[in-house]
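Scroll down for the structure; my scribbles are underneath it.
Residue numbering begins at 1 within each chain, and the chains themselves are lettered A, B, C and D in the order written.
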Amino acid sequence: MTALPPVEALESMMLERMMLIRAYEETLVDLHGRGRAAGTCTAIGQEASAVGVVAALTPDDLILTNHRSAGHLLARGADPGRMLAEVQGKSGGYCGGKSGSLHISAKELGVVLTSTIVGGELALATGVGLSRSMQGGPGIVVCFFGDGAACEGRFHESLNLAAVWSLPILYVCENNQWQAFVHRKETMTADGVAGHAAAYGIDSAVVDGNDPLAVFEAATAAVAAIRRTGKPFLLEAMTYRLRGHFEPDDQSYVDPGELARWRERDPVVLLRRRLERDGLLDASAAARMEESVRARMEAAAAFAEASPYPAPEELTRDVYA
Amino acid sequence: MTALPPVEALESMMLERMMLIRAYEETLVDLHGRGRAAGTCTAIGQEASAVGVVAALTPDDLILTNHRSAGHLLARGADPGRMLAEVQGKSGGYCGGKSGSLHISAKELGVVLTSTIVGGELALATGVGLSRSMQGGPGIVVCFFGDGAACEGRFHESLNLAAVWSLPILYVCENNQWQAFVHRKETMTADGVAGHAAAYGIDSAVVDGNDPLAVFEAATAAVAAIRRTGKPFLLEAMTYRLRGHFEPDDQSYVDPGELARWRERDPVVLLRRRLERDGLLDASAAARMEESVRARMEAAAAFAEASPYPAPEELTRDVYA
Amino acid sequence: MTQMTVNDAISAALAEEMRRDPSVLIFGEGVATKRRDLLGEFGPARVRNTPLAEGIIAGTATGAAATGLRPVIDLLFAPFLCYAMDEIVNSAGKLRYVSGGQFEFPMVVLAMTGAGWGVGAQHNHNIESWFVHSPGLKVVMPSTPADFKGLLKAAIRDDNPVLVFADIALGYSAGEVPEDIDAIPLGQAALRREGDDVTLVSYAKTVGTCLAAADRLAEAGISADVLDLRSLKPLDEGAILRSVAKTGRLVVVHEASRLCGVGAEVAALVAEKAFASLRAPVLRLTGPDAPAPASFPLEQAFVPQADAVVAAVQSLVHGALAA
Amino acid sequence: MTQMTVNDAISAALAEEMRRDPSVLIFGEGVATKRRDLLGEFGPARVRNTPLAEGIIAGTATGAAATGLRPVIDLLFAPFLCYAMDEIVNSAGKLRYVSGGQFEFPMVVLAMTGAGWGVGAQHNHNIESWFVHSPGLKVVMPSTPADFKGLLKAAIRDDNPVLVFADIALGYSAGEVPEDIDAIPLGQAALRREGDDVTLVSYAKTVGTCLAAADRLAEAGISADVLDLRSLKPLDEGAILRSVAKTGRLVVVHEASRLCGVGAEVAALVAEKAFASLRAPVLRLTGPDAPAPASFPLEQAFVPQADAVVAAVQSLVHGALAA
């Protein structure tokens, strides 16, 4: 694929990453269904925003994520085997099995301080931004959060401090329309959260979260602005959570019409279809991509399965430095 | 004064209330200086916003206030003797001396659930609004808070819930430019907080907080809108804290130029001067007003002084219902 | 008698109290979605979803309670109460006193916690002792479906803020619930088993652990009083002291961490008021001073097990620790 | 030796540590206004005023600590920590463990509390036991200027989150501070007075109360060990147990409320590990289970007084409670 012009190469790469994320989460659903993994949150349908934003970053940048982190981690290059091991509470996981699925951090990848307290990552992000800004250097901080997290006051406290102290933070709201079992229509009067930025003097943009190229372009512009000004930016990606909040989940409370409309806009399908239609990816290359992703997932699952549980003395290790 | 047309009568009444508040707080400062009262927050310079808003209310309405509450209480008709007694920790105080100056409630006046946790009143206001809206009846809820409180996430959580549940709450931000020892310029990028309302679909207005008539008119319009629509409204009164945060305070950190400019706009002086100039209050009537206020304050101080301290068994009374 | 799970018992208590008293309402993140039956029966004004913001949920409950309503709020998992501490502790717990008794706060806060789901330390943290330590609050942590039903009913009728913690692992456990069970007064422990040699004091999931240990101890000829505290505040001091006066030995068992936990309070109480009866050191078996791990085997190891209870009691009766 | 107040000792510790280590910085509401000297010496990047929002202050400290800075934050009064519990407990306290040891959290949280200013229950609430109960945190509550200086220095150098509570009433109290005092290791109690008949365990302002009581007891021929815990977590269990092994009697004194307080922990520890030495019931003298009243005489009555300590000890030595 090296012959392709840059954007198309990027798009193929993004498609592969999105396929990997999709396959990972489907593996998780399957493992859970077979009683091999604890309940977990998937972000099926939201792959484009994770991949588009992370593609706009450099290795100096740090990422904060939350309970719905698989896309962010895998987009950043995380090993799906170590992720699955973590979800299964195995010692080979990124956190030695102590996190489980909900708060996976991978410092080596710059994915730091994951909190499953909704809003938690927003309160930590300003601190990471402060370190970055005091230590100098080019890196910025990206904080992923949901539309629900924007209902927590911490969202506002974080934006305000970042504005007042001029912290280099890209706030990325993945507005997936849902906040666990509650639709965002029940929790806010606007359709999104970007409208809050202006009162803090923060620039913002809203982007189609199911179009990875659009996300990538918006994120690239935002990151450039942050690197230039040192100021925060709020990017809102409009997307949809295609499965329930937590495995297992029956989605009985979801409006079937809304779900169907968004299923039509499945970002993995859309991108693949477009690349194939435009002749940028032929069917066999796509099939190979899919296969290699499946193979990686099988290896990952095998790694996780083979990884031992933590030793008993881990129970009280690493509480204190 | 019954012969005066309504607005002028109202203005005289407001002047008298403002004088009473001023005299009350000066008495407090004096008592504190003589070691007769614990440290306390005054709102000298902010009388107009308290009096203007409260004049727009009916007895059905409920008020929530905070650590800087004297103006709100006295505007609502509180007995300065019982207030002073409370500040001095005497049994004759509104809270039997258990509150002291920082969290005086007077349920009989509809001044409920005062919290000295900055932001605390904002979290309680939605509950009071919910009661009001579920129980029917005409009353609305007024929540006074400072520009500092608007930095706490609760401000946003409160506005959001009030908007989503359509609660009849008048949010009144008394923007006195200060948040204890920090100027609001250090804590927010905008000059005020009203700019946050729109993103919640909440109507707002900004008013000269040192002009009681302007405040009264803005509050009257806001209250009418709330009674009609059942929806919240945010009113921001721009004013200034003419003394330090807490007695004793030296104001060494205050920009003398800014202070001097606002001293020129002392709301008690401005209103009195205007009424005298327009021939609506003659000098002798004003002097009588001042005298009667002083006499009330002397009686109040005597009442508080004579009030006994709470009985020892009060230490553990009223913890539980 | 009906067989009922803890979750069903909670639902039944809510429905009955909402029927009984129109001022009772319930809200929280997903409450109206998950409690369709209540929504259907009582309508959207009394069964509400909220925005995702625990602080304002608790503040709204507190403000509403003081002005005529009797709110029940579901804050989901105990660690999320960290976002609502001001409202629960500084407002609901203190404003009655601070105001000189002007207000009452009839409200209930529901939350889950405990090992069992592998959800890790930000969903599983047994913080009940914080609220026992704080004035003006009551705290309930039942172990059986019948108690969940009866104590939740009492909590809703109480004019004070009551926190009701549900151990996650108990949610789907079933038990007998009398058809006509009424409110069970707060502050009464339940003696689950009688014995003479040792008192086992516990609450929530570890009551079962103590009962299992008592079975095994009985085989070894040691008989145990097993006291289920049920209500942690008010604490049934009389029941604890009576039992220890009889047995002379005490082991307190809970999942919460040891330091300044409820076990510390029970041990201190006995060391003061039943000292003369004590024949052996007072032992506590608790979770370690560590966050709860997600990994299944570690999560299980976090919780005191029957083996350890048996060993502790044997050390008191026979072993080096006997006085 | 220099005479210095507690407030000056705190300032001196901050200045010295900031000089020593450029990664130390301090922020909070009014910190830059009130600490002009630090602002002048270290500049506005390291001495910052913040917006009025405890949650984000604590969260910012936590995030900064994990990524290379050593923040000290001033949250003013202990009850305001209710707005920062998630950041302190769920993040700073747990994320090291949850992440499998990937992060460290070298940060200090300062807050005042205690009777003395008549500010009432929303400024005065002794909640130190909450943090002792919570994993991953350390808690310090000194009683002398020298200890404030030495322990704060140690807290700043520690790679864990440390809460340093300052008793309001001690702020202007002065004492000797050695010129060259260095960090005092966390977790070591100080024996303030030696005696044989009873152990008085305390911390913060009530250490003085215990010393006054010990003076009076000495006149009555009763000699007391007075142990100042200084650090509540880690707790110097050895010092407590050694003293009780010697005296056989224990009274724990603190201003915080009784239930699940630090006194409960100390009493429970002794009832387990020094049981054989105990000659009398373990007593706790604590604040009542009530919010702190503002009214001066009630506020004073809230705090255990020397009279009560004397009476408690006499009841143990001579009275009805003697074993």
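Just so it is clear, a residue touches a chain if its C-beta (ideal position, glycine included) is under 8 Å from a C-beta of that chain, and two chains touch if they have at least 3 such contacts.
Just so we're clear, the structure is a prediction, and the values are computed from it rather than from any experiment.
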| item | value |
| --- | --- |
| Contact-graph separation of chain B and chain D, given in steps at minimum | 1 |
| Longest centre-to-centre distance from chain C, chain (CA-based) | B |
| Distance between the centres, which are taken as Cα means, of chain C and chain B, whole angstrom | 41 |
| Separation of mean Cα positions, chain D and chain C [Å, integer] | 29 |
| Chain A and chain C: spacing of chain centres that average the CA atoms, whole Å | 37 |
| Interface hub residues of chain A, defined as touching at least two other chains | 96-99, 103, 115, 117, 119-120, 151-154, 157, 160, 164, 186-188, 319 |
| Contacts with two or more other chains, residues of chain C listed in rising order | 50-51, 53, 55-56, 79, 82-83, 86, 90, 97-98, 120-122, 135-136, 289-291, 293 |
| Chain contact topology (line, ring, star, complete or other) | complete |
| Chain B contact footprint on chain C (complex, rising order) | 25, 45, 48, 50-51, 53, 55-56, 58-69, 71, 86-87, 90-91, 95-106, 135-136, 138, 158-160 |
| Chain D-touching residues of chain A, taken from the complex the two chains share | 62, 93-99, 103, 105-107, 112-115, 117, 119-120, 122-132, 134-135, 153-154, 157-158, 160-161, 164-165, 317-321 |
| Residue numbers on chain D that touch chain C, as the complex places them | 79, 81-83, 85-86, 89-90, 93-94, 97-98, 120-122, 125, 127, 129-130, 132-136, 233, 235, 256-257, 259-265, 267-268, 270-273, 275-276, 278, 280-284, 289-291, 293, 321, 323 |
| Residues on chain B engaged by chain D in the complex (per definition of touch) | 38-39, 89-90, 96-103, 115-120, 148-149, 151-153, 179-182, 186-188, 253, 309-310, 312, 314-316, 319 |
| Residue ranges of chain A touching chain B (in the complex, touch as defined) | 151-157, 160, 163-164, 186-190, 195-196, 198-201 |
